[in-house]
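Just passing along the structure, written as structure tokens.
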Amino acid sequence: MDAIFLQILNGLDKGGAYALIALGLTLVFGTLGVVNFAHGALFMLGAFCAVTFQNILTLSRKVKDESITFFDAYKEIPYLEIWFGETGMAIIDWAVPLSLLMAIPVMLVIGLVMERGLIQYFYKRSHAEQILVTFGLAIVLQEVIKSFFGANPIPTPAPEIVAGSANVGALFGLGDTVVYPYWRLIYLLFSLVVIGAVFAFLQFTTFGMVVRAGMADRETVTLLGINVERRFTVVFGIAAIVAGLAGVMYTPILPPDYHIGMDFLVLSFVVVVVGGMGSLPGAVAAGFLLGILQSFASMNEVKSVLPGIDQIIIYLVAVVILLVRPRGLMGRKGVMED
Amino acid sequence: MGFFKLSRRDAMTMLIFIALVLLAPIWLRPFGAAYPDLLQKFAIFGLFAIGFNILFGLTGYLSFGHAAFLGIGSYTAVWSFKLMSMNVIPAVFFGTLVAGLFAVLIGYVSLRRTGIYFSILTLAFAQMCYNLAYSVLTPITNGETGLRVLQDDPMVIDGLFGVVQEGSPIGNFFGINMQGYPAFYFCAVMLIIGFFISLRIFRSPYGLKLAAIKSNQNRMKYTGFNTRPYLLWAFVISGMYAGMAGSLMAVTDPLAGAERMQWTASGEVVLMTILGGVGTLIGPMLGSVLIKYFENIFSAFNKGALHDVFAFMPDWLENLVVAVVHPFVGEGWHLTLGALFMVIVIFLPGGLMEGFRRLSRLRGRKPAK
Amino acid sequence: MADNIVLNIRNVDKTFGGLQALSDVNLGIEEGKIHAIIGPNGAGKSTLLNVCIGRLEPTSGTVTFDGEVITGKAPHEINQAGVVRVFQTPEIFPELSIIENVMIPAFARRDGAFRFNPFSSLRNESGIREEAEHVLRDMGLLEQRDHHAGSMSRGDKRRLELAMGLVQHPRLLLLDEPTAGMSRADTNATIDTLKRIKERGMTKVIIEHDMHVVFSLADTISVLAQGAIIAQGEPDDIRGNQKVQEAYLGGAH
């Protein structure tokens, strides 16, 4: 029982990341009709926003290390620490959460530039061409990041206060074996909040209403004389922000490297397909579902029965779903059916 | 011999192709590309792309998982070396065959869907193969280290004929070691056969029907065709090409690793095909040669070499140019590749062949003015 | 009814959601005849044709062709059985040349639903090519046979569409407004062509708005209104039929 509970928890934070990426993919696909293979790169760019922010905060000056007396030793002390002492160190400690503030405008700009500069010219072109051009873009983005930040994963720790683990088991009256890192809990909550915010935005604002109408029937909305295209640009920006934030917050869980986006992209596409192309609730549900499934599959008890199942479970589910229920879990009729 | 009969034009194409391939070590010399390792790559990736084009070019089905067949071909070939013989004929035969069998399986399932769903299904299958090769299938694939031929492998058939391996095992063609130029010429013969088959398919009623499926699949159904087996055969044929290319990789260098199956490798063959021209006969070959050629040149450059190249410029300009160019060469080759990918899709979706056609049309118009 | 019924539509119902598109349609098409189905817009004519070629499955009821039930069969099986449809909006292969567009259905007739012949050469298919050229000559498209089909005028596309149907020599040809959008001259040419084929004993079902076409071609006319057949008979009977006058001739214009 404890073990199962723990696996569910373990799956949820990964599921949260899947859900956030898949949500953006679905939004872009549903509104712009574009299959965006560069969406994973947005997740990666978000993660590197956190890295950059951390690098900025820890800009340092060489100072003589007084604690070593045998020879002249130097150590690097961040300016923030020199200027603000304890407060400065605290700010550095909170680099990841604080970088969310930077990530929002940066990702918005990246998203808008991407849509206006490239994606808009591919609305009318075939899905194959959309896949190809965004695939090229994804490679370009990840290689640019690689040339700036190198090929190795960059550690970006969570603030110290949440570095430990929570004894979640005790909360639910289970054994002490159910311990769970605070940051993962935070990630889960964070993803739920972002998902909630996106849904609320679509549900309760006029803008969101038009977007939803556009997703349901683009032609009619265009006929009403509403400029859908401009709104869709904003939608792309929103999707970029969501993917970026998901990336920022994921850095303490998995130190980012340049190909983290591609790794998540392939999985997220599978998530989108399982959820049903064009269905937002489907994307979210499938994200969490597959995250949990994956974490169950990596339990030793399961692996001993079905070796290697943890490596392929997501793809296997996708294949089965696509064959049995081509529209995915919650897909609408007529979306992407030729 | 109706099988070898071609129209005059196609016979010319075929002859020129054969001449270009066989004489490649000579005419590629001025380009600095006439050494066997690179020539082998031209032939192997050319074969891969020609096969991929039979699926993507003729039917329009974009597979993002063909690298899986490349990997399967490689693994099978290495196992054929290990178990049977260092002779390359069984290695290539079984590499092609086993890849074909996998293609039947994967194709049968993936072709139940079209469009982007098909792409994602093939991608999912390729990723499964890749992940499995890295993990549970380690006894077969030797995981991260990669599968290689060892001196104490059984090699039953070689044993029967009393062939003894000395030194590190090298593939051979009835006694001719598959290294250097002999290996290139072996690959070249395979490439020529592959190109000929592709030409036959393009000119056959079967090929015309595939083109019609690409153009309007629904209409094909109402015209009385069961499109599924047509597509499946195209998928299997192109999977076999990939398997053959993979086994040739093992022929020229008897080892196989899972990274050959990664989806970026699938992306590479897509790029080769569209760079040259999707659906054209020569395009995929052209694309793969260009990409492998420039990969070879670009990835060899480092900063020092760049400074040498631009040394004729004033210092400030030299530094500037080197700073701009540097991210695109050496380690940054992939950046160039990605950028090229975008440029081609945006400006020249028909690839270089389309570009040539436009140019010749322009030139044809000028005298008229 | 007569024994020589080739297509038999029995008790066919079709509903979309709550909408009744066809209700209890019974129709027998006699072999070798031209049978016109007329009716106002939205009467269910196209739905009926779609049911016949397997594009739609009826909610209930069956369609039998030549004594064999074809409802629920795959479109290519129905085509191979000998039921061929000519589409109203041209469904051609725009990337292929005109002659290739006609060769494809000719192959379907000769090769069946599937034939794997990657090593035979198109150059050796002179039989198929001649067949295609013959039909193209009939349709007046022979001159431009090597042009891209995608660049044809709309009227030419309609004629190509008809050629694609004719080259299959179907036992039953279903024509969905074959002259819509054609000039008067083209319309008359098409009528002539269809009449000529009539002499060859091909059964035809025509959906048509143009009364000129209907009355110059049809042996029998069925009138469909609101998903049901309200009248059936020879052209003269229909012309004088009170119900038809109300439902169609009066209502439509």
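By written order: A, B and C. Residues from 1 in each chain.
The working rule: a residue touches a chain if its C-beta (ideal position, glycine included) is under 8 Å from a C-beta of that chain, and two chains touch if they have at least 3 such contacts.
This structure is a prediction, so every number in the text was calculated from the model and none was measured.
Centroid distances built from C-alpha atoms place A farthest away from chain C.
Taking the mean of each chain's C-alpha atoms, the chain whose centre lies closest to the overall C-alpha mean is B.
Mean C-alpha position of chain B lies 46 Å from that of chain C.
Between chain A and chain C the centroid-to-centroid distance comes to 53 Å (mean Cα coordinates, whole Å). Spacing of chain A relative to chain B, judged by their CA centroids, is 34 angstrom.
Multi-chain contact residues, meaning those touching two or more other chains, do not occur anywhere in chain C. Each of the following residues of chain B touches two or more other chains: 218. For chain B in complex with chain C, the touching residues are 2-3, 5-7, 197, 200-201, 203-209, 211-212, 214-216, 218-227, 229-230, 233, 237. Put simply, chain A touches chain B in their complex at residues 35, 118, 121, 125, 127-129, 131-133, 135-140, 143-144, 146-147, 262, 266, 269-270, 273, 277, 307-308, 311-312, 315-316, 318-319, 322-323, 326, 336, 338. Residues 53, 55, 74-76, 79-80, 84-85, 87, 91-96, 100, 103-105, 107-109, 111-125, 128, 164, 168 of chain C are the ones touching chain B in the complex.
Listing the residues of chain B that touch chain A in their complex gives 60, 62, 64, 109, 112-117, 119-121, 123-125, 127-128, 131-132, 134-137, 217-218, 263-264, 267, 270-271, 274, 327, 331-332, 334-335, 337-342, 345-346, 349.
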